[in-house]
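Common to both upcoming complexes is chain A, partnered first by chain B, then by chain C.
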Partner chain A sequence: MTLDWRLRISLIAGLIVVAAFIVLPAIQAILLSFEGTDSFVVPATWVGLANFERVLVMPEFWRDLGTGLTYAIVTVCLQLVLGTIFALILNVPLKGQALFRGVAILPYVVPTVVVAISFQWMLDGNIGLITQIVRNLGLGRLIWSDDPWIALMTVTLISVWMWTPFVTTCVLAGLQTIPDNLYAAARVDGAGPWSRFWHVTFPGLRSVLIVVIIMRGIWMFNKFDIIWLMTRGGPLGATEHLPILSYSMAFRQYDIGGGAAVATLSFLILSAFVALFIHLFPLQEK
Partner chain B sequence: MTADPFKKALLRVLQYAMAIGLMVYSGFPIYYMMVSSVRPPQEFLKTNALIPTKISWDFYRTLTSRTDFVQQFMNSFIVAFGTVAITIVVSIVIAYIVARYKVRGKTIIVGLMLYAYMFPPLFLAIPLVSIFAQLGLTDTLVSVIVAHVTISLPLGVWFLWGFFKAMPFELEEAAMVDGCTRAAAFLRVVLPLSLPGIITVGTFSFLLSWSDYTFAVVLLSSDSVKTIPLGLASLLGTYDFRWGEVMAGATLVALPLFLLFTLFSRYFIAGMAAGALKG
Partner chain C sequence: MHKNGAKALLTRRQLFAAGAAVGAATLYAPYVKAQSKARIRLMNTETAIPNVEAFKEIAAAYNKASGVELIVDNVEVEDSLTKLSASMRSGNPYDMSVLGFIGDVLLLADQDFLVPVDDLVAKYEWGPRILFPYKGHTWWYPYDYNFCVTWYRKDLYAKSGLKVPTNRNEFLANAEKLNSDSMNGCMYPTGNTSATQWMTSGFFFAEGVNFLDDDLKVVLDQGDNKSKAVETLDYFNKLYQFMPAGMSQAAWAQALGQFANQQVAHAPYSARMIDNLAANAPDLADQVGLFPYYSSSGDTASVGFGYDGFVILNTPQAEESRKFMAWFADNMYIRWLQAAPLAMQPARLDVYEDKRWLEIPMIQKYKGVMDELRAMIGKDSSVQITSLDTQGKEPNIQAAKIYGSRIYNEMLQSVTLKQRSSAEAVDVAAQQMRKLIG
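What follows is the complex of A and B.
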């Protein structure tokens, strides 16, 4: 069908909203990364590539890129493994399955702030539940936020707890698309549970898993709030990644051009990784 | 296959044990937050009991009477409803027209939506603060609504586009043959049929907006305009806060989403799964 004038106007109105809300900020972000300013109100001056040159020689930039990649890769891998296991558990027909599934997805629905605060409460240095359990086990006093490794591990595990349900749900939906007769055929051929998983279930989930890896990878690389709320990037920058660097530069040190340059670079790096991944694992099998 | 009844029973027990273990793993932190929030203040520092013996609403009372919590709760509702309304209307218009008609630059529109999906939050937050500062709109709820729409709109258009594409075109044609105008066919046939998709987009936009901390923290500074996640986070920063009140606040922030999830879990799960299954 062709467009009449009413539809044309509606589409144009919709696209104007998209342009104003999405395209304009993106262009402004890139413009800001070429400008030098320490205030959001005063007009900025054009500095060319100076912000990028400055950011790229900062040791923090490379350290934070490494931390961010580690965090993203580890959290995505753990989510994939746990999410697949959880989906297999929830796929078994049991009484109360709806309840099991509902509660298993619940962490995904809890606001990040609530998650951060609840875990901080359980990890409280004096009366936190986990702190007391660790103490009662004779492992001494746990002050999670003082040790770089424990802090990074803590935010990693909490992120995994929170976002695994996304993988669980997608894999659970993917499991329903695998025809039962494939399992029956594998049984006839004498395949045990492991062999059925590797030769029927796993290939059947291939396309779901590829999309889940891309989406979770994008989100975990970009995640800002959970780490910021838990550690502010500390201790000693151990949990600082590019989103936190970008935030601190723009909103703490008022180096707005620098913060925008970090955000732009991190977007470019992410795009490169996504493109590489899609090239290596095409969605449609050849 | 062995049909040994003992082995079968053992397998059954194991399956239930794993399902219950998963439920404890996922539910415990939420349960513990709620239990802590209803503990009587005088017992708070003495016990870590997992099953409350006495329930007290004292923390809720101090929280609502001594902070801007109620006001911030309302702010969050205004922002979330604004975000949901704009997202639904705009994404229906764009997704429907792009899915049904020959539009030049269709791939650019759809591609842009996917690309916007990858924008790091700070890549949007920094320029939005700069734009709103120039417009004199920082520290207003409107600025937060706009910021939330920048992330919910790509999701909405992308999801509804897939939804409209899958809907058979014959339905509208049949309605139009029966004498409906194109607008009437859209309102009476397409819209009711796409209600599940619209509910999914609405639920996700609400979740996104209600939970957002990142955009709120860069755009809002006054206590009276803060949204609830921001208000809750700043409770932690004050020197005289107590965990009990904070847990009461956390429970109140999470409750609307639990309610929404219970009501719409079908659409919710469909939305999550569709995102991955359709690509």
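What follows is the complex of A and C.
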């Protein structure tokens, strides 16, 4: 068996898996958005664009799109800034570096459900650890779940805590690829720390950061588990975004077509954002 | 190098052949096993450990009695229809299922996916509002009511000289009296889970509020209904000031936990509250009493119910499933209820007289509690058995859709968190409900 054949077989196997578990379900979901049905076991009727027309005039759709974009943009920006800072710190040679790097990635390996339950208890309005600390500091009673804005910020910050280590790891890997002689040359030219970061480190991390932004953007826009576990979209819809709306319609309100239409629109919006981003920030500079 | 590579390849070939043989045998084994004896696959949505254990025992007993293998999968109740649909779409449907939403039963019955169980239920006498006949047939075999009532502490009542309330204003006064720095007067969840519907809608139904009329039109904001709904929301908002912080995140666990931890003086739940207290705070278990949701006058009362039952799916094993159901109904129904004897209040009336059930230690110990709950399904009972998803003349998918949405929950949240006027909250909710069910 030649290397060429092995490569082809591996590629075909990969394509089959992608087709079976990603492409076909996605096509099925898109087709469902043109159908009217109460459940997956009920025969569907073709309704054309009716589901889209219905969804696009729902105030909840636009509210949830706004919430989803806010959540994705804020979490990705904070993850990038914090992840990069942590990576720069962890890149400095110091005693126990391996241990610090291991600890830094811990939040990323904790199961989401554990994170959600832990934070719910720590933030409990009556007996929560964080609630007590905030109260002891004289900052009043923090009832995160009763205020729509605070609830959204809380979920956002927990998401940042959970997924910043991914950015840290990627950026740390990117830092290893920047040749030391570039820094040496910059020093010879009299560049200070900020100047070295801006003219050497940052350009060196460009490709990594672009990939991280795309990946994290997609993941955070579609992020379902942490929000569902923490708030189920409440209070008053403040933390509800399109994935939760889609799920609620399809699986709670017996509206499979409507839920699929929301998912399809969400997919199109996200694709447009990703295409625009890749156009503005190509991976390889022209 | 080449020689070594060929040798390695030979080893790989041998490994591949061995792997293929094991794989083929693994794939073939279930087929052979499946041919050898009948199997019934059942989806269980009662996932508490005693329920899972009960099914293990029931499966073993049935296997011994009939040679039929009962395979039980345990699934979270809120995911039941999704899992059931997936099994059907994959061509490997469950033969039976435990279901907890009548909307799911109707959907399946409408598409001939269920087998009627008229003859099986006809053998016994049933409590009210539990069989949900639809299109002239009974489609499920119910086993419990799960009445949601309000639990109170008898010791606290005695200490404060309080009387058990007989109308909702007396309850409000009691909650206020017991509200202190160390304990809240009561708790009722308002979050986006079905715990909110189950634990709070009793206030509305007791006052005579209808969300849908018999023709399945939304009437929440119509005439008398609106004023009653507004008054009830105003009342709930008053009660809310005596609740702990974070009710918009509370659900089942908080109701059990806050009452057991003595954070609240009153909490809603089914008689699972007693099961929980007996296990975690046994001293309290003997100190609690219950009352239904009362209207403002006290003339009417209601309890929310969270019924559950078995359905038989129209699969090639339907006849075997029916045989199992008949055997289960005669021999294991009470064993099944024993898994949570107080929480799973029997839907079948003969059980209340059955020695096997009466001898269950928890039933003996808390007979008073069960007598009170039993009285609610008696012929002379004035307590209405209600839930949002069973509104309307007969079971329907529209009520189930309203139940599954968060419109009701957000109506409560908008008044308690946003201080929106109750009248506006009712109008908004009614409009949203109309839009939802068309």
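Quick note on the criterion: the second predicted complex is superposed on the first by the 266 of 286 C-alpha atoms of A that agree within 3 Å, B and C clash if a C-alpha of one lies under 4 Å from a C-alpha of the other, contacts with A are read in each partner's own complex, and residues count from 1 in each chain.
As a convention for this text, a contact is a pair of C-beta atoms (placed from the backbone, for glycine too) under 8 Å apart; a residue touches a chain by one contact, two chains touch by 3 or more.
Here the structure is a predicted model, which means the values were calculated and not measured.
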Q. Between chain B and chain C, positioned on chain A by superposition, is the outcome a clash or a fit?
A. clash
Q: Between chain B and chain C, point out the one touching more chain A residues.
A: B
Q.
Let me test your reading of the model: by the given contact rule, A:S248 touches which partner, first (chain B), second (chain C), both or neither?
A. second
Q: For A:L7, decide between first (touching chain B), second (touching chain C), both and neither.
A: first
(Q) With both complexes superposed on chain A, which partner does A:R141 reach: first (chain B), second (chain C), both or neither? (A) second
Q) Looking at the overlay, does A:F273 come into contact with chain B only (first), chain C only (second), both, or neither? A) neither
Q.
Tell me the contact category for A:F40 with respect to chain B and chain C: first, second, both or neither.
A. both
Q) Can A:Q120 be said to touch chain B (first), chain C (second), both, or neither? A) both
Q.
By the touch definition at the top of the document, which applies to A:G259: first (chain B), second (chain C), both, or neither?
A. first
Q: Have a look at where A:F197 lands relative to chain B and chain C in the superposition and call it first, second, both or neither.
A: neither
Q) Does chain B (first) or chain C (second) touch A:R232, or do both, or does neither? A) second
Q) If you lay the two complexes on top of each other, which residues of chain A touch chain B in one and chain C in the other? A) 40-41, 120, 124, 127, 251
Q) Within the complex, which stretch of chain C touches chain A? A) 79, 81-82, 84-86, 88-89, 103, 107-108, 110-111, 113, 191-193, 244-249, 263, 397, 400-401, 404-406, 409-410, 413-414, 417-418, 436
**Q.** Sites on chain A touched by chain B in the complex
**A.** 1-4, 6-7, 10-11, 13-15, 17-18, 21-29, 31-32, 40-41, 86, 89-90, 92, 94, 96-97, 99-100, 102-122, 124, 127, 129, 132, 161, 165-166, 169-170, 172-174, 177, 187, 207-208, 211-212, 215, 218, 221-222, 224-225, 229, 242-243, 246-247, 250-251, 256, 259-260, 262-264, 266-267, 270-271, 274, 283
Q: Using the touch definition up top, name the residues of chain A that touch chain C in the complex.
A: 38-43, 120, 124-127, 141, 143, 145-148, 231-237, 248, 251-255
Q: Sort out for me which residues of chain B touch chain A in the complex.
A: 1, 15-16, 18-20, 22-23, 25-27, 29-30, 32-33, 36, 45, 48, 86, 90, 93-94, 97-98, 100-103, 109, 112, 116-131, 133-134, 138, 146, 149-150, 153-154, 157, 182-183, 207, 210-211, 213-214, 218, 229-230, 232-233, 236, 243, 246-247, 250, 253-254, 257-258, 260-262, 265, 268-269, 272-273, 275-277, 279
